[in-house]
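This structure is in structure tokens; I'll ask about it shortly.
Labels for the chains are A, B, C and D, by order of writing; each one numbers its residues from 1.
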């Protein structure tokens, strides 16, 4: 189970598809083992980057089943956000029964005021059960839901099962500092903070007090080293981060970024095909050339990271 | 099958639930027969007012099955909008096999430009099949997707299976006039236009050239008479409409309006319980008193419409 | 000065323009006197319906000067919302010096969380001065800013100069009930609540505890009678309200509604021309015919209100 | 005058303020000369990063007057976007009279459909005059207005005075490729494309066919070298770009990024004070330390760019 003490690197895993759009079940196991091989501390599946909203309910369950089966002792967090509570409850229950380590939730776009957001989480927790540890995802760029640090604290305080913040507001550095200050002052209980946003600010987020990364950048070994080095050798961590930043920034484009990520993961052998399910398209020819160029330069700057 | 010649009154039916939140299958048949008894020309299910996004896939299928089974020769339109195409395809296929007369679709909120909207419909039609007649729902207040008359025309021209516009932009009167003018000039092919928005402008929409109503106001007999009378006795149609307007406006409140509608439908015996599925709540005590007051006044002005 | 005890009818006055788009200064005085003649308790100018954002700063000042000059003892509230605080401060200062009775403010669309909204009001009040009584405008349909009753209470408690709520959330009836309950319990201080939204729910808002109306419906005599009668003869108030509802609903269309209102006010002699400043257009021919029809019917149902 | 042949580097200049919030007129001249000293091809003022919406009309005119006076032969583009056409017309007329080389415009957030966007530009051009060359700003992250390449082409074709695209959609690389392909095929007339978005993709935008940069990154000498080198030595350009990317990304944070930029520009002597006008705040202490760290590392990687 994830807890407020969880730290390190959780890789956000994509959902692999066959060229025709069918779920690529065979890739799920291989992908899970590849992530494990790079030393991640856990996996997160069925998030926004997992094309979760394009899956049928039984496909979602298949993804959970396969990934958990191959993850061994690695904790697996399952994204369960959905427009309706019935679907969230069913996926959460099934995932936990299958051995998931927790779930991740974020409210729908219509939630605007603090009371709406806190009320939504209260209802969601009542549905999935107060014993299921959950990750509060704060990702306004993708969801349109804007959460102040005060409302995050309120959700954390009102729901003991909230054990982790997936931090991906942009900008968001001050949010980490505020939460850590409150905790130091005794004004907020413990909470794990893992950072998303494609790792675009991971270097600095570690300095602000984050516990690690939860994101899907196609080179988890970079996340691993930056998270490990940051507390003891800032410059070394920054050197590695900087080497990856040109590509990382390219992968972090809204919408098209997932095609970039899947292309690289396919070339690295994590998944068999780079395909996305409709309506999303693969990388254009020009984009492919840009990726190749950035990969080449990356290999020169961080030699372990070539293809 | 619905077609570009379809006209009259299609009632938007709610999805009945038991007090605990379970699907109230027994009410589905009774409700369908009650609507039929009021002389509607068809039914529309699983729309926004059908709490469609709160249903599990198999529940949606149960709703279609029951309603179609009790609808006799009445055409049933099934709302299939969903965040992903896989879910849309499956529900559409299943519904048509069960005997639905067509489906209704509207794009997700992220669709902004004309090209995005037209592209989304092209892909959706490719998924559900070009032989399935569909209703284009234009409802920006609920969806956030704003469609110009030009993009509506484009979707209609690019997709022969688009046979109907569910017109519920607000304001929207000029849209009907523009489409009808284009059609008269030979610049756009035939298209049925049925009006939604809780019927708030039905009186005037008929004068602009609408073919009828597709909405869920709890007194379908009002819709029936206004649609029938409008072409031949405007004043008589307007008198009936005006008698209902105070209540109709009350039912047409975003969010809470559905609880109002279900309360009235429950009291009228269409459904057994007024319950909504979480997170939506029933009417407050004050709201119940207001509804009673408005119903009383309605009964005085349109004697057939008492409880 | 307006205060937490202010009640009754404040007419939202439009800004009259000449056919070419120039400010119609001559109409300002006449319009003010006409409103006064209908017994309103105050006037509100430079709101959304006053096309405030289309005015140059010196034009805004001219509007304030003229209206205040002709308003006699009637209090005049001036809308000062603007993208920047500098403009708000200048207009507020100038308006108060000219004799305005208070200002009205609402935050820009970017304000989302409770803290952002409360912070914005704190800064705005610091700019305009803590001695200027202000109206908190809660109008999400127009502004995109969603305020819970809790954040409204917070703004009221944090800013003693907040004396009035312009209530125009939709739906909004429960908000009035909540605030009045809090006040009865001693959990919130006194506050005047005047209702907007084109008066679409004025009948029921009075029953929930509103102090009156602040809206621009083209027949202020209806607002006057409904507000006066509601506490002592609900049915009589409702009869008058119902007679106006078909037209009132027509005037309350987003965007085009202002052209409807100006057309009627021009025909009633409040203003010389129905023109709006670009990019807004006058009523279409079909709309004009609809207005005429609704006016005719209104004259039959509420004989004092003919043209 | 700017034209469809304009290329190179246009620096987006901030508006300098005194600590108390007053316009810092003295800094305007110095800043302009500093930009000129770094070899920029032009300046753009009163954009989003120029805090334009916080300025009083006469302050805007003062900024134009001072910058044009010190810019010598450098063309100055003036942002004139405003909620109302009256303000746009006046600022545009005044700026062109004072010697501006063109204006920059983007529609308000309410513009959604292609017809709304094209209609808005048609009206805006009618207001400012068809002889004023203008820059179409495509910046959905900041404005909420999403423009397809088709609607951009339409605006360009319908308005001969549209001579430049300020390209800052995110993602936006394919937009450049599409426009350049259309132009090559003869399906679209010539148009200058300068790139914004804080230069986050400038390296790749040049490869897609952009004509240069129009952005406010605090080291214009980087923009200068990347734009110059890109066509003839891609690797060299990329090396320079990569050296700046960690800082550039930091400066490109929505909202707080401007405080970062002003802090650096103040330290570099472009402006006297780093202050922003309310409601915006200066960098936090932690942010200042991060900036210092990134600047130090930049100085090591691109020695000309130290403080």
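Everything that follows uses one rule, which is that a contact is a pair of C-beta atoms (placed from the backbone, for glycine too) under 8 Å apart; a residue touches a chain by one contact, two chains touch by 3 or more.
For each chain, UniProt lists the protein as follows: A, B, C, D = 4-hydroxy-tetrahydrodipicolinate synthase.
Predicted model, so just to flag it, every value in this text is computed and none were measured.
Because chain B and chain D share one sequence, their contact can be compared position by position; here over half of the interface residue numbers appear on both sides.
The distance from the centre of chain B to the centre of chain C, with each centre set as the mean of the Cα atoms, comes to 33 Å. Separating the centre of chain A from that of chain C, both taken as means of CA atoms, is a distance of 47 Å.
Our note on geometry: chain A versus chain B, Cα centroid distance of 38 Å, whole angstroms. For chain B, no residue reaches two or more other chains under the stated contact definition.
If each chain is drawn as a node and touching chains are joined, the picture has every node linked to every other.
Residues 170-171, 173-174, 177, 200-201, 203-204, 207-208, 238, 241-242, 245-246, 249-250, 253-257, 284, 286-287, 290, 297 of chain B touch chain C in their complex. Against chain B, the residues of chain A that register as touching in their complex are 51, 53-57, 59, 83-87, 90, 109, 119-120, 123, 127, 277-279. Contact residues of chain D toward chain B in the complex are 112-116, 146-148, 150-151.
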